[in-house]
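Quick one: structure below, then a few questions.
Per-chain residue numbering starts at 1, and chain names A, B, C and D are given in the order in which the chains are listed.
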Amino acid sequence: MNGELRILVWNEGVHEANNEPSHIGEMYPGGIHGAIAGGLRSHLPEADITTAVLADADHGLSEEVLAETDVLLWWGHIAHAEVGDAVVERVHRHVLGGMGLLVLHSGHFSKIFTRLLGTSCSLAWRNDGQRELVWTVKPSHPIAAGVESPIVIPEQEMYGELFDIPDPDDLIFISSFAGGEVFRSGVTFTRGKGRIFYFSPGDQEYPVYHHPQVRRVLANGVRWAAQPDVVRSAPAVTNPARDWFDGAKQH
Amino acid sequence: MNGELRILVWNEGVHEANNEPSHIGEMYPGGIHGAIAGGLRSHLPEADITTAVLADADHGLSEEVLAETDVLLWWGHIAHAEVGDAVVERVHRHVLGGMGLLVLHSGHFSKIFTRLLGTSCSLAWRNDGQRELVWTVKPSHPIAAGVESPIVIPEQEMYGELFDIPDPDDLIFISSFAGGEVFRSGVTFTRGKGRIFYFSPGDQEYPVYHHPQVRRVLANGVRWAAQPDVVRSAPAVTNPARDWFDGAKQH
Amino acid sequence: MNGELRILVWNEGVHEANNEPSHIGEMYPGGIHGAIAGGLRSHLPEADITTAVLADADHGLSEEVLAETDVLLWWGHIAHAEVGDAVVERVHRHVLGGMGLLVLHSGHFSKIFTRLLGTSCSLAWRNDGQRELVWTVKPSHPIAAGVESPIVIPEQEMYGELFDIPDPDDLIFISSFAGGEVFRSGVTFTRGKGRIFYFSPGDQEYPVYHHPQVRRVLANGVRWAAQPDVVRSAPAVTNPARDWFDGAKQH
Amino acid sequence: MNGELRILVWNEGVHEANNEPSHIGEMYPGGIHGAIAGGLRSHLPEADITTAVLADADHGLSEEVLAETDVLLWWGHIAHAEVGDAVVERVHRHVLGGMGLLVLHSGHFSKIFTRLLGTSCSLAWRNDGQRELVWTVKPSHPIAAGVESPIVIPEQEMYGELFDIPDPDDLIFISSFAGGEVFRSGVTFTRGKGRIFYFSPGDQEYPVYHHPQVRRVLANGVRWAAQPDVVRSAPAVTNPARDWFDGAKQH
C-alpha cells in the first residue's frame, strides 16, 4: 500500500526566495520542502512524493491536487497571512474527508492549523540555538516506532509551553530545551475522518530536517496519517428514516 | 462563590418571535431562555442570571457584557447565519480567556461551536418525538453529580451518530433513542483557558427544559464551567529571555 | 508484514466441553475459538493463527508460546477463576512488553483484563436476545476501516452502562439494545508498550462470531494491535547517569 | 463544603524512624506527613486533617477510617512491600467507591497505585539534586488554579520518562530537570467513581513539601478529588429487568 501513497510537501518557500537566513541555500539547496521530501523518499521509496509552494498557482493546492493527495505536509512561517482563505477552506474540507495532515514547526500559526484546532495555537519561543531533547512518552504509538529517545538536536529554536492547543488524541513526544522549557512536540488529533500530526522540531536556521531521527518521525507520521482507502467526503448532516438500517445490506 | 456567579443565557429567540411551533408560547412563556434561566435559578439561587437574544443590540453580547460573564449558555437553531462574525470572534476570545460556555441542542451548528471545535459538528437527526434515554458513563465527573441514570425524556427529537466532533476531554452522557440510534449527548472540551460543555437534550417542540434532571445537569454544567477567579485573557505568544523565571517571585 | 503475524485465539472452552447451551456444538462446531480463528483466516490469509484452551497444559500460554505471539485474543466466561495467577502475570508482562491483546465479550471479567485496567470492569447485563446495533463514533480509527455503521446483530445478550472501565484511549463503537441500554462496545487502551482492544459483541448463545462485520472488526483489531517489530520487554526502572544520551549513537 | 472535608495523610514513616537521611528530622520535624498536613491546613483551615503511618494498627487504614475519609494522600518509598495486601484491596475498593486519592512522588511504585493503573509505573531516576521546573500545560484544570508556571524547585531528585502509566485523563504539569529529562509530573485518572491525582515533586532529602507552590497544588488536588456527597460504593454488576427505568422515579 505504501507504494501507492501520494504525498504532497507544501512549503511557503519565502525564506528560500528571500535567502533569509543567508545560509538557507547551502543548508537546504532544494528548499525546506526539498529536504523533507528527500527524507520521506529514503523511508518510503515507492511513494509518489511531490512538492508545492505558496507562489504556485492556487498555492499548488487545487481541488484536483488535493483529491489525489493522501497526506499533506505543511511548513509555513512568515507568510501565513498570504495563504488564501478559499484554499484553507479547501484543505480543511479534505482533512475532514480523510486526507492526512502533518503540520510542522512554525506551521502552528498557519490558518489551516488554527482553523482545525479552534485555539490560538500560541506558544513561547526564543531563538538562541539551544539543544533540544525529544523524549518519547507513548512508545506504543506507530509514530514512535523505531525512534530513539531522546532525539538529540544540537541546536534549535526553543518552543515552550503554554502551547495553546486542545488536548491531543495522543501525546507522543515531549521536548526539553537547555534553558529548561518543555514543549509537547509531537501530538496527534483527529478531525472528521482525517488524522493530523503536529511535530515541532524543524526551523529555517538549523539543519533539523537532515537529522535521521527527525526524518524517521516524519515518515512514520505519513504512514500513520494516510488512509488511501477512505472515500474522501467530510461528515455531513443526515435525516434518516426510522429503521433505515433494516434495509441496508450487511456484508 | 456561587453567589457571585454571573450567568448569561443566550437564545436566538426566533422560534418564539415567529410562534413556531404554535405551542411554544404555552410551553415556554418566557422563551426557551426564560425556561433555562428559571431552572438555573432554582439550583443557583444566589447567582446573577440574565438573558439575551439575537435581536438585542450587539445580540446582547457586547465586550462589556462578556467581560462580566462567567458562563454563557447558547441556544440557537434557525438563525445561526444571522449571528455576526465580530460577535462570534468576541465570544471565541472570551472562551479562550476563561469564560465558560454551555452549548445546547441545535447549537451544535452555531458559528461559535464550529469555530471552537474545528469540525463540521454534523450529525443525524429525525424529529418523530421518540423517547430519549440519557445514560451516565462517567459518574465521577462533577456534571454527573446527583443525576439519575438514565434520564428518561418521553419525547424528543432524535440526534444520532456520527456526531462530527473532536474527541472530547470527557464523555459524560450517551443517549439512546427508541429508533435505536445513539448519541454522545454530554461532552466537555477545553479551549485555551475556557471550559466548554455540550448537552444535546432540549428542543423547541418538547418541554425538555422543564425536566428536573435536565435542569440539574445544566446547573452542574454551569458550576463546572465557571472560573470566576481567572484573569480573562486568552493565551498569547511570548518571547521570554533565557532564565526569565529566576527573577520571578515564587509565593 | 501481515504474512508473518502470529495470532493466538484463547478460549476457556468450558461451554463447549459442557455442551451448554445445547446448540453450541451446532453453532460453533470448532468451538468459539475455532469460529474466531476462522474469521481471522479469511481476512488475514497469510497469518499464523493458532488456538488454545484452559484445559491445555499451562492453559496453552507458556512463556515460549507468548514469546512467539504478536496478538492474543481472549474469550472467557464461567471459568475466569480457574485461570492460574502465574499465567495471568505472564500474559500481563507480555502485554506491557508489546504483545497485542483483544478481549472479547464476557472477557471483561477475566483476571487479565481487570489486572490491566485496575477497575471492577462491571456492567449491566440481561440475556433476552435483543437486537444490538453497533455504531461507529471514530471513523478515522484503523479498527473502524470498512466497517458498516451500524452493525446490526439480530439477537444478542444485552451489555449496558455503567461499564466500569478507565477512560479508553479511543472510543470507536457504541452499541444500543432494543431495551434502550447503551454500551461502549469497542474501546482501546495502551498499557506499557502493548495495545489492547475490547470488543463486546459475541456470546455463547448467539452466532455473533459468524457475522461478517464482526469478523472484519476482529481482523482490524488484530492488525492494529500487532507490533511484530517491537522488542518484547516491559518498561523497567532505570538510573541513568547525567548526560548519558551524549554518548548514545543517533542514527 | 470544604469545612467538612475529611483528609487523611498517609506516610510509611520509615525514613523518619530510621533517621535517613540524617537531616530529615530537622527538615521535617513532624515527618513528611506532618509537613504535608501542615500545608493542607494553611489552605483548607476548616478541613479535618489527620495522619497515619505504616506502623499503626492496620496501617491506620481500617474500614472505619476509610469510610470516614474523603481524600487519602499516599507517600511511600522503601516499604511498599510491607503494606498488607488486604489493606491495599480495601483502599482500592474505597477509591472505586468514590474516595479521592493523591499519590505522591515515590508512591508511583506503591501497591495501590500499580493496582489501580495496571502498568509497571516504572520511570528513570537520578538523585543528584537538580533544579526541577514544573510547567502548567492545562491551565483550565482546577488543580492548576493560581499555580505559578513554572514552579522552580531548586533541588530535587530527577524523575524522567518513560513513565509507564496509562494515558492520564488530564495532563496538568510537565517537569524538566537540569540534566534535560522531562516528566509528566502532574496527572489525573479516574477509576470507578474515584478521582486520582499523581504529583511527583517531593522527596525525603529535599524540603519540597515546604514550597508554597507545591502546597498550593496539593490543596487544589484535595479539593478536586473530594466527593463528600457521593455514596461510597464501588460499581457492581447488575442484571436489570427490561424497562426497569419506567418505574423509577424521575426527580
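Quick note on the criterion: a contact is a pair of C-beta atoms (placed from the backbone, for glycine too) under 8 Å apart; a residue touches a chain by one contact, two chains touch by 3 or more.
Since we're looking at a predicted model, the values are computed, not measured.
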item	value
Chain at maximum distance from chain C, centres defined as averaged CA atoms	B
Pair of chains joined by more contacts [C-beta pairs], A-D or A-B	A-B
Chain centre separation (chain A, chain B; CA means) in Å	32
Centre-to-centre distance between chain D and chain A (centres being mean Cα positions), rounded to whole Å	37
Numbers and ranges of chain D residues touching at least 2 other chains	133, 138-139, 150, 160, 162, 167, 169-170, 180, 190, 192, 235, 245
Arrangement of touching chains [line / ring / star / complete / other]	complete
Touching residues (chain side chain B, partner chain A) in the complex	96, 115-120, 122-126, 128, 160, 162, 164, 166-167, 169, 179-180, 189-192, 234-243, 245
Of all residues in chain B, those that touch chain C in their complex	131, 133, 135-139, 149-150, 160-163, 167, 170-171, 174-176, 178, 180-182, 184
Footprint of chain D on chain B - complex, ascending	98, 133, 138-141, 145-146, 148, 150-152, 169-170, 190, 192-195, 211-213, 216, 227, 229-230, 235, 245-246, 248, 250-251
